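In the two complexes that follow, subunit A is the common piece, with subunit B as its partner first and subunit C second.
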Partner chain A sequence: MKFLSLIFGNLRRKKLRTALTVLSIIVAFVLFGYLGAIRAAFLAGIDVAGADRLITRNKVSLINLMPMAHLAEIERVEGVDMAAHNTWFGGIYQEPSNFFAQIVVEPEALLELFPEYVVSEEDQRRWLATRTGVLIGRGLAERFEWSVGDKVPIMNPLWSQQGGDPNWVFDVAAIYDGAEQGVDTSQMFIRFDFFDEARSGGQGLVGWYTVRIDDPDRAAEVAVAIDQVFANSPDETKTEPEGAFIQGFANQMGNIGFIITSIVGAVFFTILLVAGNTMAYSVRERINELAVLKAVGFTDGGVLGLVLGESLVITVIGGGIGLALAWLMVSAGDPTGGALPVFFIPLRDLLLGVLLIFVLAFIAGIFPARMAQRLQVADALRR
Partner chain B sequence: MFRSITQIFQVTRFSIASLPRRLGSSLSAMLGIAGVVAVMVGVLSIAQGIMSTMKSSAGAANVIVLRSGADTEMTSGLGGDEARLITEAPGIARDGDQVIASRELFVMINLPKRSTGTDANVPVRGVEGQADRVREGFRLVEGRMFQPGLNEVIVGVGARREFQGAALGDTLAVGSEQWPVVGVFETGGGLAESEVWVDAPVLQDAFRRGNSFQSVHATLERPGAFTEFKDALTSDPRMNVKVQTEAEYYEGQSRLLYNLITGLGTLIALIMGLGAVFGALNTMYTAVSSRTREIATLRALGFRSGPVIVSVLSESLLLALLGGIVGAGLAWMAFDGFRGSTLNFSSFSAMTFAFDVNAPLLIQGIVFALLIGFFGGLFPAIKASRTPIAHALREL
Partner chain C sequence: MSETAMAENPQPEDDLLVDVRGVDKVFKRGSETVHVLGGLDLQIPRGEFLALMGPSGSGKSTLLNLVGGLDRPTEGSITVGGQRIDKLSDRKLAGWRANHVGLVFQFYNLMPVLSARRNVELPLLLTKLSAKERRKRAELALEIVGLSHRLGHYPRQMSGGEQQRTGIARAIVTDPTLLLCDEPTGDLDRKSGDEILDLLQALNREQGKTIIMVTHDQLAADRATRTLHLDKGRLVTGMQGQGTG
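Now for the complex of A and B:
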């Protein structure tokens, strides 16, 4: 306790310097938290991808459609529990910049395959009873302030209705929440029966299949078995685990993880210089005092602890406030106004942040602390 | 007036001469600012690179015609007859009886990225004979042009660099067909360098597109002919199309990505800059407090507070300038010309580009550093000039 009041006493001596150091540490941790959320947004879905789900798409590319008849053949493959087809709708709501994913699905199969989309009984019934109905994520609903019963007009250059009209109108029938943090709630699901009947061409063709397997450990084996079924057919397939599929998509955007880690590294290096230098300066300034402490009976270790303790107090205050501020900024919403599928600081990053607080405190404080520890009383007092 | 200018020079020389004594803290402030500038210039150079790729995609007198309502080639569709009518519109440049126009298809195939081994959506363009003349700067760097009607492809230099199996002599497997790569081309930067080109009828067959196309690219006789060309097409009742200059089209394609990266980069730079200001303030307050007696002595000798302020400020500006130059230089050495690839959000296909650290960006970085130096030095400077002389001399 006496120790702690000594530390606080020292920090209060040059209030301005302490405040500035704390402020620069706050900045570092705000950036750390915020960039963590941005990385999570770009890699959205990888952590929550179902280990028991595979994605089967056309081998040539995702834009090449496949016959719906593949479904029955996929379900016959050993190890496959169930499968469902999906089709990219790709329409525009008012402006192209209002982009969000619209996917055409079989409603019952979607609800069965994706337990992470939580839909109330009432909403489920309403969606199953409304042919033009869509299921939308909570994030999407909040972004455009849509609620159940609203009509949503969507222009689609890719799929027009019979007669050539590219304008579609859907009814918001149900809203889903994510069962856990990190579930993408920015999507819209359209009913296949309505879509297939209304579209002007391409009946019976679908985009890709989601396949649930019995045993996640056999994923690679089952994927190969599925692709073999369609080998040498006009529509060869490529099957991979859902996580790998999403990771592959993220990889295409560039090495977001690497870029963000580099930036965070540069930030911490910078702050380390500032904080470490300040600590060193304040120790040099107080050499006389530290010598007196030693003269009155403080051990070498005690003085070391005192200086490290100061460093720790500064970084804990700065880091704590910084992480809290980052949390508040992220909770206030994403910078694009809702275009990112998820926006939150993953728990893992928060824990890493706490760990970094201690690492930073140690590295910034250890050199001045060693200097204080090695101080010869007689020499120091003579200065 | 003259006296105060001499004073400024004397005091500034004095304070800068004493810089080496405070090497540690000065260096840390300088490196801090260098870090901020390097990150800012580095991130913004990605956005610049994407922008300049898009800009060099557009020929000055070039136009692109899509189906009305489509915002990218990917979502567009034009019937064969409709596309032919477009190439017959007035205003398109001619060479003899050939119009400089190409009806094109745009699809993607999957090829693994070299860097990660995971699949990427590689854009494949079906083109007609005049396509190379529509693209300014088109040049084959290896091999030869594909033969019309044959299953042969040529690849852009960006695609060859980024994707496995896209070099001269390799063969692309597209469904059940094998397409040998017979040439490699460049277009002086630009989006086309990320693409694979194949004869349009071959692609129509492979992707079961009948005789349909997705876009028409054409070169006009002169840029001024655009209105005439556009009016002729939009007033034609046989078609329903959207006519844009390539400049407009590519600008629209890159806007989303450019704004996202620039916005994010600026936000990060501002927050980091704030941190650097705190660091600089600390350094300068320390500098001033270690020179309290010196400054007080100068003032007792008759130096006014103005020159003292200027001397402290110029010290911090000098540190910031050095930091800015170091940071900008680091970013330039590390990132300029660095090759990357990303997903073109509009067409969901891969685009390759080079990070572009250009002069305006370097200047922007150094100006930002000077701003940090200014705010970091201002308050300590004012403090130095206000310290009561008698009190300061008694200190220490």
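Now for the complex of A and C:
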């Protein structure tokens, strides 16, 4: 602490240069935090995906439907605990920009398979008793200010009702919360019995199966066994862990994680050069002063520590403000108005940000610090 | 020649503070080897105010640096206060400098980003003193050099003489055994220079500080109790100055 006045004094020496360096670090960390939130939004669900859950879909494509009869055969595969079918509804609420996921499910199976969706017993009872009822996430309810009892009209160009009417009306019967941060609460779940009876075609066909297995360690083995059951049939399947399925879904838009990591990497490399350059100049222009410090008794290690301390102060101030600003911006909510339903900076990214602050400080400071450390007092005093 | 320096000032062992024996200092500049000091012997008793004179490149500052532990001899030994400083590790030597040596430079070498008080406090940062005690001692040192009214001023706000007095305050704040001054009046006008010399003389006479001062100025050297001349790395003559007695 007693050296802080010396460290801050040196940083005040060239106020503009220090301010610009801090500013560039702030920008880098704002980008880091904000892009981290966007990446988390695109990959939402992977982290909370059940290790004991597999997804079985049509081998040709996710949009190809499969017979409901597969369910019984899947449940007979050794290692399978239970399975349930799901179907993409894909309707439009008022206008296409109000996009949110609507999935047709068997209510009892959904509640059992997905413990991360927390639904009160009262809401569960209400949903099970209402054929036109839907279960919606808290985020979705807040987005459109829906509450239990509201009627929600959905126009569906994919699935029309018998008679050709594309307009469906559902009753909000229950609302779920996420058991942890990262659970997608922007979805709507529609009861299959109502849907299957009302749709104009495709009865008995479903989109994909969620399969719960006994032993997560046997996931690969069970997935192969399921696919073998339907091999050489008209509806061959592809089974994979739920996390991989979600990742594949996100990758339809490109490898978001790689793209964002590349951008952040390039930004930090640039910032490293900026901060390193600042520190190098800072040391080079006061060789004489550093020699005086050594002359009055500062050790080589002490001088090394002082320079590293300056680097640390710059990055802690810049990185701290940057991460705080990113947090505030992300807290303001999804910038797309709904396309990124899970929008937050994961704790892992925040911790990584803090680690980056120290790594940046070290790498930017170590070379000038070593130069200061190696200074020969008598030589440097003559300069 | 070095014998001259010894013969004129035979000292009992107890009174001897600096004992330089057979010191060589060689610098390498590329492929060229420069012998700056050769076989130099020098004894300095406690409480002496010694002036070192000589032409540029004669080795005055090199000798000062060696005695102050800022550099190491190529050959020979340097003992200060009974301690062989040429044998100390870099770390121990830094600690020894902090405790035993005060340095005064020609161009003051103050930290421009620190106030006078903070500059004087610098060597005390290496001690375990509390912030309050450090502050108190720094203020006392500045009072001794007559700058108690300039505590919060930065170097750029002070005259050359005031900056040098601040430098002297920084040198004495740890109460060192030895004050090493490298042309302390070289950058000052005569009046300011005289004030600095008055101050050094007072520190020598009233506080018993042993002072070694490198200077080109005969008037400055006259303030010392003894003057030694160096030429081409060897002591050539010694004489008593006006400061004697």
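In the analysis below, the second predicted complex is superposed on the first by the 376 of 383 C-alpha atoms of A that agree within 3 Å, B and C clash if a C-alpha of one lies under 4 Å from a C-alpha of the other, contacts with A are read in each partner's own complex, and residues count from 1 in each chain.
Here, a contact is a pair of C-beta atoms (placed from the backbone, for glycine too) under 8 Å apart; a residue touches a chain by one contact, two chains touch by 3 or more.
Keep in mind the model is a prediction, meaning the values are calculated, not measured.
Enquirer: If you stack the two complexes on chain A, which partner ends up touching A:Ala129: first (subunit B), second (subunit C), both, or neither?
Expert: A:Ala129 contacts neither subunit B nor subunit C.
Enquirer: Going by the contact rule set out at the top, does A:Phe298 touch subunit B (first), subunit C (second), both, or neither?
Expert: Only subunit C; A:Phe298 stays clear of subunit B.
Enquirer: With both complexes superposed on chain A, which partner does A:Ala231 reach: first (subunit B), second (subunit C), both or neither?
Expert: In the superposed model, A:Ala231 contacts neither subunit B nor subunit C.
Enquirer: Of the two partner chains, subunit B (first) and subunit C (second), which one does A:Ile92 touch, if any: first, second, both, or neither?
Expert: The first partner, subunit B, only.
Enquirer: Quick one: is A:Arg12 in contact with subunit B, with subunit C, with both, or with neither? Answer first, second, both or neither.
Expert: Touch status of A:Arg12: second partner only.
Enquirer: Taking the superposition on A as described, I'd like to know which of subunit B and subunit C A:Asn288 touches: first, second, both or neither.
Expert: Once the two structures are laid over each other on A, A:Asn288 reaches subunit C alone.
Enquirer: Just subunit B (first), just subunit C (second), both, or neither: which does A:Ala72 touch?
Expert: Touch status of A:Ala72: no partner.
Enquirer: Determine, for the superposed model, which of the two partners subunit B and subunit C contacts more residues of subunit A.
Expert: B
Enquirer: Is A:Gly248 contacted by the first partner subunit B, the second partner subunit C, both or neither?
Expert: first
Enquirer: Of the residues on subunit A, which ones does subunit B touch that subunit C also touches?
Expert: On subunit A, the subunit B and subunit C contacts do not overlap at all.
Enquirer: What part of subunit A is in contact with subunit B in the complex they form?
Expert: For this pair, the touching residues of subunit A are 16-17, 20-21, 23-24, 27-28, 30-31, 34-35, 38, 59-64, 90, 92, 96-97, 99, 155, 157-158, 166, 232, 234, 236, 238, 244, 247-249, 251-255, 259, 263, 266-267, 269-271, 273-274, 276-278, 280-281, 335-336.
Enquirer: Under the touch definition given earlier, write down the residues of subunit B that touch subunit A in their complex.
Expert: Its residues touching subunit A are 24-25, 28-29, 31-32, 35-36, 38-39, 43, 67, 69-71, 74-77, 107-110, 113, 115-116, 118-121, 174-176, 207, 256, 260, 263-264, 267-268, 271-272, 274-276, 278-279, 281-283, 285-286, 340-343, 345-346, 348, 350.
Enquirer: What part of subunit C is in contact with subunit A in the complex they form?
Expert: 61-62, 65, 68, 70-71, 90-91, 94-95, 97-99, 103, 105, 109, 111-114, 118, 122-123, 125-126, 131, 134, 170
Enquirer: Sort out for me which residues of subunit A touch subunit C in the complex.
Expert: 2-3, 5-6, 9-10, 12-13, 288-289, 292-302, 376-378, 381-382
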